[in-house]
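Each chain carries a letter (A, B, C and D) given by its place in the written order, and its residues are counted from 1.
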Amino acid sequence: TADIAEYALWLGDDSLMLSQSLGWWVSRAPELEEDVALGNIALDLIGHARSLLHFAGSASGRSEDDLAYWRNEPEFFSAHLFEQPNGDFAHTIVRQFIASHYHFELYRRLQSSGDSTLAAITAKAFKEVDYHREHADLWMLRLALGTEESRERLIIALTDIWPYVDEIFTDEPLIDRLDGIAVRPSTLRDVVEAGMLTVLAECELKEPRGFISSGGGRRGKHSENLGFMLAEMQVLARAHPGATW
Amino acid sequence: TPEEEQFNALIEADSRIEPRDWMPDGYRKTLIRQISQHANSEIIGMQPESNWITRAPSLKRKAVLIAKVQDEAGHGLYLYSAAQTLGISREEMTDQLIAGKARYSSIFNYETPTWADMGSVGWLVDGAAICNQVPLCRASYGPYGRAMVRICKEESFHQRQGFEILLELMNGTPAQRAMAQESVNRWYWPALMMFGPPDDDSPNSAQSTAWKIKRFSNDELRQRFVNMLVPQAAVLGLTLPDPDLKWNDETGMYDLGEIDWTEFHEILAGRGPANGRRLQRRREAHEDGRWVRDAAAAYSRKQTQEMAVAS
Amino acid sequence: TPEEEQFNALIEADSRIEPRDWMPDGYRKTLIRQISQHANSEIIGMQPESNWITRAPSLKRKAVLIAKVQDEAGHGLYLYSAAQTLGISREEMTDQLIAGKARYSSIFNYETPTWADMGSVGWLVDGAAICNQVPLCRASYGPYGRAMVRICKEESFHQRQGFEILLELMNGTPAQRAMAQESVNRWYWPALMMFGPPDDDSPNSAQSTAWKIKRFSNDELRQRFVNMLVPQAAVLGLTLPDPDLKWNDETGMYDLGEIDWTEFHEILAGRGPANGRRLQRRREAHEDGRWVRDAAAAYSRKQTQEMAVAS
Amino acid sequence: TADIAEYALWLGDDSLMLSQSLGWWVSRAPELEEDVALGNIALDLIGHARSLLHFAGSASGRSEDDLAYWRNEPEFFSAHLFEQPNGDFAHTIVRQFIASHYHFELYRRLQSSGDSTLAAITAKAFKEVDYHREHADLWMLRLALGTEESRERLIIALTDIWPYVDEIFTDEPLIDRLDGIAVRPSTLRDVVEAGMLTVLAECELKEPRGFISSGGGRRGKHSENLGFMLAEMQVLARAHPGATW
């Protein structure tokens, strides 16, 4: 149905935009091992995005590339968290930390979705985001307990990125129409936050308090960064309408 | 000396020299230079391709490209490990690279202004690299040879992907076909130069050949490469930009046009399209990552201490 | 006290209070708060518009936009200077802003996702700012009033530019017209809220009015603004998104629909679209610029020393 | 003639790309005074670019915006110097330093060009680039003689940007066809370099030695940064073909 397709776009756009940012790191990471690790995560995410976009477009005859390259900003449904710029490595890690804890719990539950395609896609993805979560948790510890500078940078990054946590747990009317198929975002909050707070406690850090972004990504209202991301991501494809690659 | 005799015997027998074995200083130095240069080439070589990751024109191509650049980081790691067995540290090699004191393959000083360059780099540059590298899988130094086995497998995969990109373009719109041909025109000669100067102008080759680090001459490898390219270009429908290229019935090989080495020497002298930019970006990534590496090292020290205290 | 009487007399006579004059603590504090808040608004207010500098759709618009954002930096400078005459330093004000302790106009916590927002910000946001600010040109504190005279001149120019952007869009393609209307729909209500809460809910206003810092009530200014907007919207062919908006023959003014203050209070409480991002970017610019400011200060110290030695 | 138009594009594209980068600084400069100063310089440069592009397009009926927004990368003729990314403030200042010393001498001579339009445009621009040069020179001194950190950063920036000096003094066949109209780039080198070396001497710095980029901008061969710049600069205009703004 159109509702399931839209829900698949929520998930697919999240992964697509996150992988778009992570891909930048490959060749620029702090060490070669991280070029490989961040590259792996970007690859997993782009894989999830492709499956989800393919699924979302199948009813309306649109390919994954139609959806990735030929939609305009208000037609994307990513949450703002997934559109945040890379910042320094600490910002990237905090973004990964939140995203992967969220993905882990979301995909864990979606495996028993009433929609068998969604269930199959997320069953595969679940194993991969488990690794993403481990990778992020370990870096959270290293940065928090490593040096004074790394701890300071991590705290700044937490302040900057935490405002985007709220939106991913916000229910939208679409969810009411997908009972048994989608996971209601608000029901994820407790478990996901508890998981993150456990890691933060090991990091000897408290939950950041401060701004809360009002979001709107699920209604096509995006943070200012998305326009720049799409300009770059789509530029070549759009210069050659109708071409295949 | 007896050690020297044993070393020579191993080389003679096509056996592998291993890290614990005695080896002549020159052999060690030559290998360190060659392996670290090769590692640096993989690392700098990530740049011209990462240039298109965020702009790849389809999600499939984006994924393939990320995987490829990431493989290059992996190759850098294998090769650094192989070099480390010879007594040089990763830090030393990195510092030499950033200070501009270590060489890397000049080909990566060219830029990739178009998407078609992702095809040309794969087809021509990785193609040439493979011709250079396959013989190295039998290099006399064990860790190097074994690293090369893994690398060559992945490189041939990369070359196929480059070929596919060009094939897709050549099957596409007139603009795509023009993009492919323009790119191949730019990369063909630089790829041929990757095999190094002509044999009569290649000073270090004799000793390396004796030590079985090098197994074929520059010109031999270049010829092999062109022999391989010509039929592939025909499949692609691409013209190789050498008007003198033609089949020679006598030699059973293709005759090549004259290579203009001026540009090659200009780039070696630091006057290429992107020498400065390549080192700048490597330096920036290295400097920007310093606090992260420091944090990881400090954390790991603390963990070790805690475990020591606990036990 | 005699000073107090003199102060009151100056206020009474609509004269200006100047920095050297005695003034009540409350007056000074209120002014520092208001002027620095205004300066911060200019500085944070650069962000939503600078967002489109690199993407402006014509070179003329790009130039006009750069000039506008640059004017805002200039306004920040005038206002910081005015506040400094009251005994607060620029560093203090900057630090308060970056620490999130100083307020700035909530309107700049909205984002500018489309080019049409460059029109709406000019027409609606600068329009509302002018209605707020024109009376401030007669503010009792001299340096503030004089700064506002310069600022108001430039703001009315900015408002005209915003109007022009929207006019051009409304004369354009259907996509451009839709872009303009969608943007005005988003900005209309937030612009009305720029005048602050309704009069019966505005605690600080009475004292400020007595001191002739404030000269009209929030609701009066809001009404003026709408009276000005309606005919301009008609020229533009834009619909203002208030179904209850209509001419009232009795009052000779437009009746306004009910304002939903929930969003306003949410943003004030730090739960707006871009509160965090605005402060983050200000902090980053400030931190990234630290070494530059330090260098300029050190250089200037050295120059002074050299001159002192020379003389 | 088409040759004069192409020459006007050389100059116009240089200023256009430089102003495109400088515009980014407005709202991000180290102090408000620099938001204003860099904004002024960006405005001057965009003014020069508009005059030159307008002139370049007049013969072929193309507007300044046709030329700015609807040409593709190989149709631009900017030298690589003008396409270099902002980097940190030191990189921006070094780029300005070279650009403004070059512009100053170039426009000084072009005022007596045999083409009256070029002469008029550059006569006006000359006064402005004089200020740009002063601004850059002063910052060179501040950064060189300010703090240890600023000096170190300046030296790195000089190393990174100096490779692009050579190209701006390189003659191309077009110049042979514009005798009396264009200024032969190679004839500028001695004066411009002498001017820069004087400032570097005051900075207690030597001429940087290192790489020399082989350039090619005047033949439409660009540095890797230009594609990203154009993607951003042109994205909105290209999304609305035929629209006016």
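Note that in this section a contact is a pair of C-beta atoms (placed from the backbone, for glycine too) under 8 Å apart; a residue touches a chain by one contact, two chains touch by 3 or more.
Source: prediction; values computed, not measured.
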Any chain in contact with subunit A as well as subunit B: D
Chain pair with the higher count of C-beta pairs in contact (C-D, A-C): C-D
Geometric centre distance via CA averages, subunit D-subunit A, whole Å: 40
Subunit C and subunit D, separation of their C-alpha mean positions in angstrom: 34
Interchain centroid distance [CA atoms averaged], subunit B/subunit C, Å: 57
For subunit A, residues contacting two or more additional chains: 227, 231-232, 235
Per-residue overlap in subunit C, given as positions that touch at least 2 other chains: 55
Chain pairs in mutual contact under the definition given at the outset: A-B, A-C, A-D, B-D, C-D
Complex contacts: residues of subunit D adjacent to subunit B: 73-74, 159-160, 163, 210-216, 221-224, 226-227, 231
Subunit C partner contacts - residues on subunit D that touch it in the complex: 16, 20, 23-24, 26-36, 39-40, 42-43, 46-47, 49-50, 53, 64-65, 68-69, 88-89, 141-143, 145-147, 149-150, 153, 232-233, 235-237, 240, 242-245
Complex contacts: residues of subunit D adjacent to subunit A: 72, 227-228, 231-232, 235, 238-239
Subunit A-facing residues of subunit B, complex: 43, 46-47, 50, 53-63, 66-67, 69-70, 73-74, 76-77, 80, 115, 165, 168-169, 172-173, 175-176, 281, 284-285, 288-300, 302
Residue ranges of subunit B touching subunit D (in the complex, touch as defined): 51, 55, 100, 111-113, 266-267, 270-277, 279-280
